[in-house]
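Each of the two complexes below includes chain A, the first together with chain B, the second together with chain C.
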Partner chain A sequence: MDSVVANILNGLSWGMLLFLISVGLTVVFGVMGILNFAHGSLFMLGSYFALQFVRWVGSFWIGLLLGPVIVAFLAILIERFLIRPIYSRDTSLQLLLTFGVMLILDDGVRLIWGSAYHVVNPPQILSGTIAIFSGTYPVYRVFLVIAGPLVGVALWAFFTMTRWGKTLRAAAMDRRMAEIIGVRAPLLFTLVFAFGAWIAALGGVLAAPHQSVGPAMGEHIIIESFIVVVIGGMGSFPGAFVGALILGLMNAFGATMLPDLQMAMPYILLAIILLARPRGILGEEL
Partner chain B sequence: MRSYKNLFLWFFLLAALASVPFLLPVYWIMILTEILVMSMFAMSFNLLFGYTGLLSFGQAGFFGTGGYLAVLTLLHGSTSIWVALVAGVLGSGLIALIIGWLCVRRDEIYFAILTLGFGMMLFTIAHNWRSVTGGSDGLGNFSVPEVDFLGVVLTLADPKIFYFFVLIIVLLGTWLLSRIVNSPFGLLLKAARENSNRIAFIGANVRSLRLFAFVIAGALAGASGVLFAMFNRIASPEMLHWSFSGKVILMTLLGGSGVFFGPAVGAAIFFVLEHIITSFTTNWMIFLGIILVLLVLLFPSGVLGSLLETWGRIRKGHKL
Partner chain C sequence: MKKRFILGISVCFLALILSGTVYAAAKPVKLGFVYIMSGPFATYGQFAKQGAELAIDEVNKAGGINGRTVEGFFEDSTGKSDVGIRVIRKLVYEAGVDAVIGLDSSGVASAVTPVMKELKTPLIITHAATPDVTGTNCNRYTFRISLNLNQNIAMAAKIASEGKAKTWTTVGPDYSFGHQSWEYFQKYLSQRKSGLVFLPDDKAAFPPLSTTDFSPYITKVISSNADGVLISLWGGNLIDFVRQGMDMGFFDGKREVLMTLGAATEVLYALKDKMPEGIWVGTRYWFNANNTPVNKAFVNAYHKRFGVYPSYNAHGAYAAVKMYAAAAAKAKSVDKEKIVGTLEGFALELPVGKVVIRPEDHQAVTDGVWGKTAADPKVPIRVLKPLRKFAGKDITPSVAETGCKMK
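Our next item is the complex of A and B:
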């Protein structure tokens, strides 16, 4: 019983981080048609900023507040100067450009912070463990499990209830029509890209106390989040949520029940979804 | 007229490549061997990317599969390089058939993600299946095979002999690729790249066209992997990692994906750049990234592609 609860909590907390990175990926793809390879690196930058702010001012919360904003500004520069010139070009070239950005960011991090792994402690109020049934469990993971859905609900409310969110969805549905009725698409694209980066970096800051912070974390998570968005359905917001939960839970249960197969399981799932439902669980008709 | 010129070009290239071992020191022979191996790998990738319009991020998976299968054959089966080579090529072709069958269902970005995913699945197998693959240490410790050439037994441990061995295999692979690209089938591939709906309308099966290209590319990637593993005396999981696929993509773009020999030129430039840049910094990836970004933004047709375009404009008498 204890191990089942622990597995569920582990799966949910990892799933929540996956959701935070996948949602930006899928929104950027839905609106701009760009699959951002460097998205995992933006997540990683969030973690490094968490580390740096803890070093500078000793506060995790300031990192949580400022880290994602800095990453979002960096994303604005990337969109404005690198991605904007190639919107009309082949999708393969767009993918390769973001791949190049990823190489630069990943190695840039190595240059600044070194290639060693770092540990970020959770803030005072979220450290320690709590008793669940007869076992104990880290408070920070419980916090993640609660924070994830809150962020999800906030995003959902933003997309369905605010004018900005509706404009975004309109542009994702039909960019030309949105432009005709007066949406300034270039500005919107920049903001969407920055927004995706902000959420990814938010996930990165939240991930810092959950795992060790190192230069390979970006390329590790980007593959899993690619799988999440394909499983859930490219461009689908609820799809990213469902896909992230499935992958997170599968990771946690796989690690204890089928340790030999655990690392191959996401790919097997990917193959099954591809054969049975190519558009993804909640994806739109192809 | 044109074919005579081509023949002359081929002859010149062959003569140059064949005379190299007698002119250069061993160090450069080895670098040239590596360039040849990666050239074949990059050209096989370009059958998918440049000619079929499919960006695969998983070619390293087949490259590594070929390498591992060859080393496994040498360790547990036969000591013949030919058996190992055939095992590597057939094995990676078969894996490419299975993975390709899944991946050609989607194209563009989806294809890139799927190949990336399944390539990493192969990496995971090589990395985690310790009892067979040796895990992260890789698989080495095999005795370098000998080849029986017209009754003369030669050892591949000699860099010069190994160079000629690689040269012959790479030439065969290149010849096969050029035959495919210039055949009616190659024309169909290019047409499907431009407009897959139209090709479907005239009655061709786009999926099987793409699958066939995928299997050929996978098998040749496997052959390159066999040579690479022989060259390094080890098959290691890094050979299957997606960053290795990224390297090959970069070589192809560097030389030019629109030209048949573009990827080979790209491979050569890549190694020269790597030698220069790693001599003063360990952060070579950041330079790779900058080069890739500049290529995509400013020179999407690559070095050889841009040169040929310029040459074409000069010949037509246009201003530069």
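Our next item is the complex of A and C:
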């Protein structure tokens, strides 16, 4: 296959995975104003549940269905008992708290599953390769390229067309006003946080057949997710889509064309965006 | 009933007092271990810890070191230089260890080596492979019991010179280890064979350690049309690369592939049958490369206790404890200067084979192994078949070449 086509596919598949991981981060920030450092760990938990369900029932799909739900329940507990008491406090406390949650989750995973690397196989129907242009490409990556936009469109429809989505956006815009007209903001916040965790874990399950599952995979991805979110615009989920695509494609083409700069490029882009357009490409005016 | 209870308590007390006196009579010999215990490479530290614990238990069962029990202190280097230096200082000043064993990352090893001069404490490196610590950066207190990068790459070059590949490229981690592996591979292979092409650095692939998506690098190597690839990735990076490479047709038999650290059991246990067959892989130690009783006893004891075959990192920690104990027995002391003096030129039969510490640069000279991955129904992981052994003296560069000048 032509290496340009291969690189586009490489960039798209990685970008879509990045999108799934970072979209929850940006939604939670947009609505709740919380920068959740533990987001990467929730993603990691998704991968470990995928591993565990494959071990228990031998099915990747059951892990995809149930894993994110379990993580969402855990997130409800975290929001209700840890984060809620400090909403009114300084933002730095939230950062410290979510950072602490991240450390606890990472070590918890090590206690339960050990520190070894694990491998999760893609489901039968998505393994192997298919012919694209003059070459072949892994089915699982094509699946990621398709799944990303589908999730994106579903989210967009949810936010713009459903009553729930509109309520969410209203609460994000002005929490006090929303409360005055009868929106139960605390419940809404819990649900948003759970939703953010659900989609992070969904990304985790989908990442499991793509990379090795091990402790600290969350610490790792959180940095890239932050870059995606800042580039795209804090709190904007179409922004997360654009940011993830840019980062994915930059990663793919950078490795071939600018190998010396490849490691620095996301940060250079980050710096340029912060200087020229601090609210991000698709961010709302601050 | 009550009497019995009181009797029981008194016996316990007595036992406690007795063991206390024994303890007080002979202060334990303290060994500090520094490995990566957290983060993506934590499984290497885990194996090393197991190897160290097995060795310590064996030494203690056989009467300890000069009649004193051995106690291990484990610290996490996290793979970072500053943390490595800090925990070694802590081990020496707070725990008061008699020697330090370990180090996975070459970066940490390079940073720590000069500090050992200041701490005046022997350090036995068991994994980190950078040539510098027993080369330009060598010093009196630093020893290495494992094969280093040059020795490993010398074997890779020998194997590569026998193959058909004409154009070589590399995939290595983007730090000194990956770049040095490629540099020495070009040097050693071009000494053995002429008319080969080595792709320049910007055409080769050096993914950062944090990479999880290797597809751009795989595409790059496939489209470079090189027919030989040296892979110096290790740990989680290597696992991700192999799986994604399998999917993307990298292992389609069109290119010769050498993985310098592919025979790490940490990696093989994770990949199991996902590790392609027929790939040349290197290691520092392979559990069934050696038929000596010492090796069989080690492999059996390890497998019985931990349920897996020992990795090279498990062996490194185990071997270092055994060598320290033997050196202390010979010196009849654990005095740091006397240990250093005894370790210079020290020779010992270890599971990997006979290991000699070269007095001039403190590098272990020992036989090395490479092999081709093959399936074996009796073993859950890929085994090496055929197995190639190389004599230590043939793969070790001369002292002059290492650039080591001990003062």
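Criterion: the second predicted complex is superposed on the first by the 285 of 286 C-alpha atoms of A that agree within 3 Å, B and C clash if a C-alpha of one lies under 4 Å from a C-alpha of the other, contacts with A are read in each partner's own complex, and residues count from 1 in each chain.
The criterion applied here is as follows: a residue touches a chain if its C-beta (ideal position, glycine included) is under 8 Å from a C-beta of that chain, and two chains touch if they have at least 3 such contacts.
For clarity, every value in this text was computed on a predicted model and none was experimentally measured.
*Asks:* Based on the superposed arrangement around chain A, label chain B with chain C as either clash or fit.
*Replies:* After superposition on chain A, chain B vs chain C: clash.
*Asks:* Could you say whether A:G214 touches chain B, chain C, both of them, or neither, answering first, second, both or neither?
*Replies:* In the superposition, A:G214 touches chain C alone.
*Asks:* For A:L35 in the superposed arrangement: first (chain B), second (chain C), both or neither?
*Replies:* The first partner, chain B, only.
*Asks:* Based on the superposed arrangement, let me know which partner A:V230 touches: chain B (first), chain C (second), both, or neither?
*Replies:* first
*Asks:* Please work out whether A:L97 is in contact with chain B alone, chain C alone, both, or neither, and reply first, second, both or neither.
*Replies:* After superposition on chain A, A:L97 lies in contact with chain B alone.
*Asks:* Is A:D260 in contact with chain B, with chain C, with both, or with neither (first, second, both, neither)?
*Replies:* So A:D260 meets both chain B and chain C here.
*Asks:* Contact-wise, after the overlay, does A:L111 reach chain B, chain C, both or neither (first, second, both, neither)?
*Replies:* first
*Asks:* Per the contact definition in the header, classify A:I86: touching chain B only (first), chain C only (second), both, or neither.
*Replies:* The first partner, chain B, only.
*Asks:* Counting only touches as set out at the top, which of chain B and chain C does A:I273 meet: first, second, both, neither?
*Replies:* Neither chain B nor chain C is touched by A:I273.
*Asks:* Which positions of chain A sit in both the chain B and the chain C interface?
*Replies:* 110, 219, 260, 263
*Asks:* Give the list of chain C residues in touch with chain A in this complex.
*Replies:* Those in contact with chain A are residues 37-40, 42-43, 45-46, 174, 201-202, 205-208, 210, 212-213, 215-217, 219-220, 222-223, 235-236, 239-240, 243-244, 247-249, 266-267, 269-272, 274.
*Asks:* Taking the touch rule as given, give the residues of chain A at its contact with chain C in the complex, in rising order.
*Replies:* Where chain A meets chain C, its residues are 3, 6-7, 9-11, 13-14, 17, 110, 114-119, 121, 129, 135-138, 140-141, 207, 210-212, 214-217, 219-221, 251-256, 259-260, 262-263.
*Asks:* Would you pull the chain B residues touching chain A in the complex into a rising list?
*Replies:* The contact residues of chain B facing chain A are 49, 53, 55, 102, 105-106, 108-110, 112-114, 116-118, 120-121, 124-125, 128, 242-243, 246, 249, 253, 283-286, 288-293, 296-297, 300.
*Asks:* Enumerate the contact residues on chain A facing chain B in the complex.
*Replies:* 29, 35, 82, 85-86, 89, 91-93, 95-97, 99-108, 110-111, 219, 223, 226-227, 230, 234, 260, 263-264, 266-268, 270-271, 274-275, 278
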